[in-house]
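You will see subunit A twice below: alongside subunit B first, and alongside subunit C after that.
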Partner chain A sequence: MTKYSLELINITKYYKGKKVLDHINIKVKQGEMLTLLGPPGSGKTTLLKIIAGLERQDQGNVMINGEIVDDEPPYKRKVSMVFETLALYPHLTVFENIASPLIAAKKTKSEIRKRVEEVASLLKIRHLLERKADKLSGGERQRVALARALVKEADIYLFDEPFINLDAKIRTTLRTEFKKLKEALKKTMVFSTPDPLEALALSDNIAIIFNGKIVQYGSPLEIYNNPLNIGIARYITGNILNELYAIVEEINGEIVLNVKGFGQSKTLTVKDMVPEYVDLMDNYIGHEIIIANKANYCYLVHGKSCEGLVLEAEILGFENHGSEILLYVKAGNNVLRLFTSKEDIKYGDIGKKVNVCIDIAKSTFFDKSTGLIIR
Partner chain B sequence: MKNVILLYKIKRTLRTVLLILIVIIYLSPLYWIFTTAFKSRAEMFSNIFTISKFTLENFEEASRYGAFEAIKNSIIVTVGGVILALILSVFAAYAFSRFPVKGKNILMFYILSTRMMPPIALVIPIFIMFQKIGLKGTYAGLILMYATISLPFSIWMIKSFIDDIPRDVDQAALLDGHSLSYILFKIIIPMVMPGIIASMVFAAITIWNEFVFALLLSSLDTRPTSVLLSSIRGERGFNWGRIAAIEVVYILPIIIFVFLVQKHLLRGLTFGTVRR
Partner chain C sequence: MVNVKLVNITKVFGKVVAVRNLNLEVKDGEFFAILGPSGCGKTTTLRIIAGLEKPTKGRVYFDGVDVTDLPASQRDVAMVFQFYALYPTTVYNNIALPLKSRKISKKDIEKRVYEVAELLGLKEKLHVHINKLTMAEKQKVALARAIVRKPRLYLLDEPLTILDPVTKIIMRSEFKKLQKKIKQTIIYVTHDQIEAMTLADRIAVMNEGVIEQVGTPDEIYNQPNSMFVGWFIGEPGMNFVEASIDRDGKTVKIGEQILLRSNELVSKLTEKGIEKVVVGVRPEYILLLKEPKTCLKNHALLKGKVVVTEFLGTHYIVLVSVDKEDIKVKIPPSAYPKIAPYKNQEIYLAIPIERMLFFDINTGKRIL
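Our next item is the complex of A and B:
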């Protein structure tokens, strides 16, 4: 039997009569990093606080190392946490902030100094130890909060959106460092974030929470490739998902997708495009489906051959994303987004006609009426 | 363009003149008190605004009339009242801010409503009560009374400061493994110090200046300066020099006190400046 560091069994929580967590079941293995991914207000923080013992669930149990800890106060749970607000003690120095859990554990002065300096070196804040916590920059404060959580000897480390209030550059740096730290420490961690990219980059497993319910659980790859429904697909791609609507039809014994929204009809033969879907699509004849295409599987046709759906489109505008350009084009009634290289586009190109290729083989299909994935 | 600049200059000059006038209006009584205190009796009414010869005779006389005992009494009841009020209000504010107190809103309103009553309406029952239990004329009685008067404002003020500290700070400390008393004394109180100092200053000023309760609840031995001032009278009418001298020693301590804590006071008065 696998031993789990953390098990949440049917956790349900009401807040002012509203259900904020709905039968949450999660198991986290020793050394695993689980990410709770969900939009703001989905219940991530509440769940973390329930694990820490700072809030009490209305139903269900929290198990740590195989034992039910529902009646244990926070300090007995061997859990450490970084808060979204960081919750530093502004009137104390960085040293005193980090030392706080050790002072509470009544460690000797020399031991406290040794441990604090160790952790501070790890997080590259040793030069800040004597500074007051309210005289730090955002990134520095973040590091101090991480240090205070890591200095405590705990079985489970909780991180509540720790990088959310930082600017993009520091965020990327800290994320990379965090990943290294995670691999070095080999501790059980539960991380929460509203940012899909962060979740995909850092986690061993992801639990997606919408409105207090876990809607999908799996490895980053599983979730990225097979989002259970269109809502998850939109969320996980950060809303840069191209959606085309099509009706599944049978013409001359062949199953075809009749793509809508382009004036004249555009039909795709399922057997040629996505042969593995022939049997599946048979069940959907007459239904409307969504062809969900990630922006990186949509490209401009020039020279390159297109093994998918070619659409005539007009350039609407673009955003500079550093090394890449996110291009907005209008094809029929649809606005499509695609990534392209800087050389492909210049300012005068807005309004220009281009041909766009949608890679159907790399697309995911959803039933429009239920929103569920077809697989 | 020139006109605009001219208009601006005129406005600025007018504003300055107005401000100077206001300052003069506010400071002239103080000026009168300070000059009169150092004037001889003969000069008192001949030169109202100037002074030709400094003398300390008014202070000697004030001391004979018990001015310094009265100042001592004022200091005892003020310090006692402020300390008692602060201790109680810090605990009360922490509890109201952080714990589920039954009927919290009603209680908070009730506490504040005691401030709305005119003190004079309460004097008679309190006088009788204090006489019955032997608190009349004692320092303890006055300190208790003053702490009671200062509590509502202090509780409200300190509570609003604690409310400004995110709950996460308490919870982080709980997770670190600290006790509630450690959290209150080592984390919450240092963080709300500006609020505590501001409410301390308000309480001190209120108590120092209070007259009605002092008049009725003190004895000759415990009467504070406000009571002494009202009872000073010369053989032939008011002796203004003597009164001014007592006023000088009455005003000075509170001015010095406010001056000393003004840095904290300013931070305390602009609510919500607690940094996270």
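Our next item is the complex of A and C:
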């Protein structure tokens, strides 16, 4: 007996001779939420459409509850899909919109009312049930579209970038609501988004898709802490990834990282900083590596000691995030970012020299020529 | 320098009220931001100041002089937009253009263009064609063209939106330096709260055509006047929980739990004769505890249950339900393993009393 709600086996798809999906293999367990994370045009929507039966793959199989469904039309697949564009019936009420899949399925009136009210309470739109759909705000319309998809009885629920057209503020509010909903319903869900934060916050597992290929699959924490290559690291970490370049060298029998871009040489002894990397780094002697550090593991040195790499830097500017600030500094040829408290910096400080500390133990290393993680 | 005053401004487009009875004063030499979600009326307000729109009602004053009926061309203001419109020629010609229409000698034009180019770090680029510039440089040229006229007021509408993050930071620093040098009033419209908080001396937060609050970045963040401002500013925004005031017992309660007892805040609330109130507190000011700690001074302690956890890379959001209300708590990854929250886990929230704000349950306006 299989425990998988959904299995995609070697799914490959061509558009006009171009391969848009390349041997996609994914398994999704009953009750699990999988996110397809990738930039626009990476193939996420096509894959969702193939699962729903709205498009046909050129190779491979789609299995739902252990059975191949390749020849089954969409309506027989027990799949419910929400698209990025919200097509509600404008002249119908919210209730009628949400109820439409149940009416089509010929459910009894009392059952329809019960199910609609249930899902409307979960999505906090009960007070809107009698309102006409064309009188709703963007966020409300999105909640109604989600409710309509969820009220339908299905084995798998598909969401194609459902929050993408909303204001950032509404998006994060809905994200949390959606996570609650997911925990409450325990349905199998496949969700697509180009936003790494959304994927990290919501998913049980994430499949990162670049150019039609899965480049990494894993839990949010696995992916965030161990991105397989520097491209994934940049994508998932966004604007707060600091990168330094170093040559791995052997000096007096010790393996050191010679950090580039600072005029005089800056060396780090691997044994002292990251002892678990001594054997690994041995394979990279003579190679250039990338030290990838996140802004929350980079600090201003305030007299106290630094357990890492100390760099002299010049303040470039900052962002006021309310309770903390994100400071931008230039160290050698590198722009580095770090979070610090508001008391530390004023506009008059731009151009001032500071010492920053890079926490090497919390950094990740990549081979510069291949881009692959060193671990 | 100029002081800008808007008095009872209303602007109606057809059936839509874009700006409603707005009053605002921007001081001499101030860097002032108008911040709000899309459609809040911020750009309309800016266009009214520029003279590109005429208000349906109300008056606009520059230094106490009524300019409401003065066309844009006579107001001596410079506008810079998100999308710069530059001419396909050299940087020099682009910057010099506004001066050419004003009978100024060639020598004086040259002097002025060099001055402005120096100010913005464009001196090396003066004879470069516009097509050879980066986006940031182009935006600087647009700015230089505005500055060269020596207007008395600068109006900027999302001028940095299209730039990459690092360039944005550098340009923001440039803006700030520039303001210190030219000492002119700058009004800056943006939907980006971080940009407004970073740049502005004061911010007006707008929502649905109305100004919700005017204040310094710190006031807007820590002392929001309304629930809207508390929610809109910050990521995630402020938590709001309904509480009841027990006059006899001199307590403020959330459900059956006592939030505050017989202190100054409670007496202030009871004096106002209200029975229900909304308590607001920011997610990052709340401490999450596995065990109740009574020794924490000046903190209120609430018991709750974990609903869900969101991992967001640099931090976690833990959603805790307290008497049917959800409270978001923001914690750093270093604090997460100690608590290791799981669904339905009993957990304690320690809320610093000085961080609590109180809002009117009907109007959403702040009481204390």
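Assume the second predicted complex is superposed on the first by the 368 of 375 C-alpha atoms of A that agree within 3 Å, B and C clash if a C-alpha of one lies under 4 Å from a C-alpha of the other, contacts with A are read in each partner's own complex, and residues count from 1 in each chain.
The rule is simple: a residue touches a chain if its C-beta (ideal position, glycine included) is under 8 Å from a C-beta of that chain, and two chains touch if they have at least 3 such contacts.
Bear in mind the structure is a predicted one, so any value in this text is a computation, not a measurement.
Superposition of the two structures on subunit A shows subunit C fitting alongside subunit B with no clash. A simple residue count on subunit A separates subunit B from subunit C, and the partner touching more is C. By the touch criterion defined above, A:D167 reaches subunit C but does not reach subunit B. Applying the stated contact rule after C-alpha superposition, one finds that A:E67 touches neither subunit B nor subunit C. Once the two complexes are laid over each other on the shared chain, residue contacts for A:A201 go to subunit C alone; subunit B is not touched. By the touch criterion defined above, A:Y89 reaches subunit B but does not reach subunit C.
After overlaying the two complexes on the shared chain, residue contacts for A:E276 are found with neither subunit B nor subunit C. Once chain A of one complex is fitted onto chain A of the other, the partner contacts of A:K152 are limited to subunit B, with no touch recorded for subunit C. Of the two partner chains placed around the shared chain by superposition, subunit B is the only one that A:K49 touches, whereas subunit C remains out of contact.
Fitting both structures onto chain A leaves subunit B and subunit C with a minimum C-alpha separation of 9 Å. Subunit B makes touch with subunit A in their complex at residues 166, 168-169, 171-178, 182, 187, 190-191, 193, 274-276. On subunit A, the positions that touch subunit B within their shared complex are 49, 52, 54, 73-75, 79-81, 83-91, 100-101, 103-105, 134, 148, 152. Chain contact summary for the complex, subunit A toward subunit C: residues 167, 169, 172-173, 175-176, 179-180, 183, 196-197, 200-202, 220-221, 224, 236-240, 294-296, 316-323, 328, 335, 339, 347, 350. Touching subunit A in their complex are the following residues of subunit C: 37-38, 165-166, 169-170, 172-173, 176-177, 194, 197-198, 217, 221, 231-237, 282, 284-285, 307-308, 310-314, 317, 319, 326, 328, 332-333, 343.
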